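Got a structure here, written out as structure tokens. Questions coming.
The first chain written gets the first letter, and so on, giving A, B, C and D; residue counts start at 1 in each chain.
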């Protein structure tokens, strides 16, 4: 075992951290107080700078227009980007676009790559991903209401989606729909289809109000309706009936990135806690950091973040070496473990900041409310724990049903 | 011991619950999606109805224009009001007005009562309470920066406050300021002074953005500046140098009400959890409530809420019989215990609601973000725990310093 | 509501506490270091004293030879007895005898009362209760392997039991066995039968080693075998096929007593924590109690114990007024809630005592290891939580199966 | 980063695991039910086998008679040994002997090595380590009551120690005593001195009863008295006044081994949980493992153990590369983190085993009671958290006093 980080990567990470600190974090207070569209000019300026620095679309291979960092390198970079509310966006690595880029690289036809991937990597357009449905449980992903029926050369899509992040302003929506309702195995009934958002029958119903805000543009979670929405069958992404397999393929690395992003949040929160504990006077000459409970909060946070990072890097390493399927249990493990650490660290950070912690003068309150969903999206804690237990019990001859227990 | 509730009170509580359900809860979705001022007409209509039902200003004695419920009766009523985001407001029992009313009743001069109390009880004006300061720690309440110097017949006030709830639109501000800086005992240095908000030198700097919103009107937390703000000494509320004693007097019952309000929130959240667990299908024929983890969440919430309610009612009973001072440890105990229960119950409620839980389609997300402060305001957990420990250790001859340990 | 305790009861409780302190606690160090039989002379002396003080068999009506305290009075007394490892024994209220006394009073025939109840109340004999079976899960109490077949006027019992507390030295065993295997409802298949331990076919296989000790005499948990063990049908206790109903009847108040006993343990542990925090020097002039984490441990323990006591007393009050069945959910609620508090308080007490906490120089280590079972015996946490959730979800039309979910 | 384990080490670990399973675990039930001395013949037989397999004294360099595994290799081996209650003993790696061996190797004179190290490595004698004192707090290690005064060529030692593990039967005791009471820095006042246990004035007062047992021979924690105990100054181990530095040197790797041993315990407990969950029927056809709460317990344990292992290996790797001092914070971090994981995993394992879990038919109950001390020995949680916080706050200019806060 070797826990050292390659010195070249180390240097890059240091530069990115400094860039985040000096260039991106200063934009946060506007992000927290103004409509997102008002930030776009400043953000675009930073995005141009990222291109110049050759970090643009860091996880995307150079041949497709990205910076070409390896998967493991990008895992580390994700942490640095996660330190700011805007890091991912500024590097053109924001969800859900980066996931869609990866899908298109892996499964897109040359035409799809040209039409959708290229402008996405260039940052000229945005996209969304339509999977979650309000009427069906996320914990049972094979049970969907949205259908895509073949009609001539087309698919005709009908259905209702929500939590389609960044649908507002998206040019196309990668959409999960039942195409093969009669397939014997439930996970072989759906496909992923590219739906341009200007297709008749596609409608962004609203930006769902989440934790007090509907948001606008990228910073939204859209509710989308498909009503006899007709797209050519050539818009199928990957093989028909393999929608779930593709979703898994997309979500595996996606969960690694999320986890590393959360670790970046945690590290920033811990720094803020330390700074606050060191400066907030309780009485003349006495600072908060001299109180033993505060010390325990700092130490427990340090320990949990260390644990989280090592587990995520190990899962990434395994995914990289043995593939998505072999690393599935590790990925479920980090998903619930790191989301829990994130919530605990943010909770402590707010407590240490007192009244300031619930204001929007720091990013803590934003993370506290918006990352509550970390224990829900991409699989609720309960689902991932069952995945892990299923694997453990398999060796003892017990079959655990993900949904039915 | 007798745990039964008087049948007359029981009946009243049932009627109030029904009123909250039928009349107040339907206004919540507007509260969650529109500026507060747009709700005022509808709210005022309900407030008139409350007057007709003889529940108006429930905790205020009849001679002062309230409904005249006893302290213990009002503790129970608080729970019912707490079930809705708007219950307290509709009954004219909203913070910080109700606390100011109680202060004025106990310590106001006849002139102060006529000028400030009467219109407050009638719901014609609103008020705020200026205690917390951004530069000084809430955990050390005797360390304040705001001063009120005597000059002729006036006090000249200078200082900086924040988290002055509902300052936006308030007619007057009860203000804590150092009037006797040289008093030997730190807790005998401050006084409470009534400052009309149209006094020159008083300035509402801004509504502090909290958890994503600056709000407007009553639904705000104001930052206030006092700059050579001059009020007559007759605006002193209660005896000079007794500001902290008055604050304690105000906060004791206030913490009981908060705690009962939180229990109302918890009960509503538990009902929502049960309804969700009973209706959300995981697969055809199987609902969420059949999962053992969900059952545990429900049962643990039920247990914790029961515990919280009994403790609060016991503390209220003791305060009522033996007075504020004797009940101080009980009040500190419930403050941190119930705030913790509240946070845990809301967290579970959101988890059970999944994606819906983080939207603004239920009040859960509002409570989750805004009641995070319950563990901070009116004394952070850490402070109240030290108060309890101090009392425990006193009998063993150990002197615990609230701030210095 | 009235949280006051009758002054006469108050006085009795004070006297009992003093007796426990002065007479019983001094025997603990022998209990922790010597075989139980060596303590018997000293214990018997104290038992005689308890008789003189008219506290003997406190929960048993005077007409049956007890002190005749009411159920609610005894709930309070239980706490005082629980403060010592030996309190219950010295008052002849030890498990499982007191439960068997209550069963015999409620369901015993005059002959059974004369033969079994009278000497039990007098403290001349001991008894045990054979329910739990090693091969069958305690969480599914209707699934038993032990059978009692009718043969002529007899029952012929075959089966295997364990955790029959105090079987070593018991004169008779109240035994749960399947008598009506074909009854349509599973909970109407078993009966309770009195089996004298000298009956051929009854065998105490061994005292099960628990947490490092097999123990002897009363301080044991027996493994018992029934092999063609023949007793007359007149030994049936209560109606045939009503074994589970009787067990419930027995366990309801039993859980109240357990919970109050645990609270007694907690109070004693908290006193020990405070004394330790006040006296243990960390450095010259500085004691443990000045550290904020220690203070938090004390305060959290205080809060949780208060919560636990109020809940148990409320459940007892309800059981007393509305009967066992109506109070079932309250009883399940306190069972898991108080067991959890107990474990947390003991854990903190040990931590505060440091190395001393794991030695046998205090009773903490004994309670820590032996009360771990509190979350298992008389229904595991998981079972009681499901009972509570089942009741909550019933109102929403969901049927929760206690075992099958 | 590379998380792979060298294939040769992998193979060795597999062989050791198999040996532990086949040869050592079968001795556990005797360990749990009989006096330790009765096991010695069987244990010695296994120890001979370990020598033959060339694993004897695995962490000791070959030149001193050990198997010569590297520090990092031994960290991995520790986990395998920890899977059994007897693993460390059978490999002659038991505390406190292995720590004393390492001290002697690093600081012993040639004579000390010959006289004490050689027979220790050969397993011919045992030793103990006298540091902890009943009257002085472990959390303030520089505050000691034991003194060693120079008198002629001797030290004359007076003092009182306890928790001297395995003092019963030890040939010598490495003893921490104040030799330089006037040194300006508190941590430069003590030295380590080798005291043969047959020295007049050295007395094993008793084996302290811990969690119900005083034990015998190696399986003990001794209370030791030094009364004018005279040893030649040549028995000084390492430089005078460097006792604390040596203790640190000894404890650093010791904590790594402890942590890896705890992970071994956790892995074994998790296997037992899975086996139990897979086999325990709740009703015909339904096993415990199908319940969601049980699944969550398994998954959370899996996650926490993974986290713990990675953190410990990372700390070991850093200690190996950068030395004890640089890794100090990492070591404090793992000490409290892994001890917490250990306690949680054992608690769950007992809960899943139900009544069986508290019996001595599995090793779980032994670990549950004896490893409670893991959060106390070698530095209580609270101390290690303060160490971590001190380091974090240093960068922000705050000086944290380990004891005085």
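Here is the rule we use: a residue touches a chain if its C-beta (ideal position, glycine included) is under 8 Å from a C-beta of that chain, and two chains touch if they have at least 3 such contacts.
Predicted model only: the values in this text are computed from it and were never measured.
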### Task
Go through A-B and A-D and name the pair with more C-beta contacts between its chains.
A-D
### Task
Have a look at where subunit C meets subunit D and say same if over half of the interface residue numbers show up on both copies, different if under half do.
same
### Task
Using only the C-alpha atoms, find the rotation that maps subunit B onto subunit D and quote its angle between 0 and 180 degrees, to the nearest 5.
180
### Query
With chain centres defined as C-alpha means, what is the inter-centre distance between subunit B and subunit D in Å?
52
### Summary
Distance in whole angstrom between the CA centres of subunit A and subunit B is 37
### Summary
Cα centre of subunit A to Cα centre of subunit D, whole Å, reads 42
### Query
Which subunit A residues reach two or more other chains?
291-294, 296, 382, 405
#### Entry: Chain-level touch network, classified as line, ring, star, complete or other
complete
### Message
If we count contacts the way the header does, which residues on subunit B are in touch with subunit D in the complex?
### Response
291-294, 296
## Note on the structure
Residue positions on subunit A within touch of subunit D in the complex are 1-5, 72, 270, 274-275, 277-279, 287, 289-292, 294-296, 298-300, 302-304, 306-308, 310-311, 313-314, 317-318, 330, 332-334, 336-337, 382, 384-390, 392-393, 395-398, 400-401, 405
### Query
Once bound in the complex, which stretches of subunit A touch subunit B?
32-33, 132, 134, 137-140, 143, 162-163, 208-213, 280-283, 286, 288, 291, 293, 347, 350-351, 354-361, 365-366, 368-369, 372-373, 375-377, 380-382, 403-405
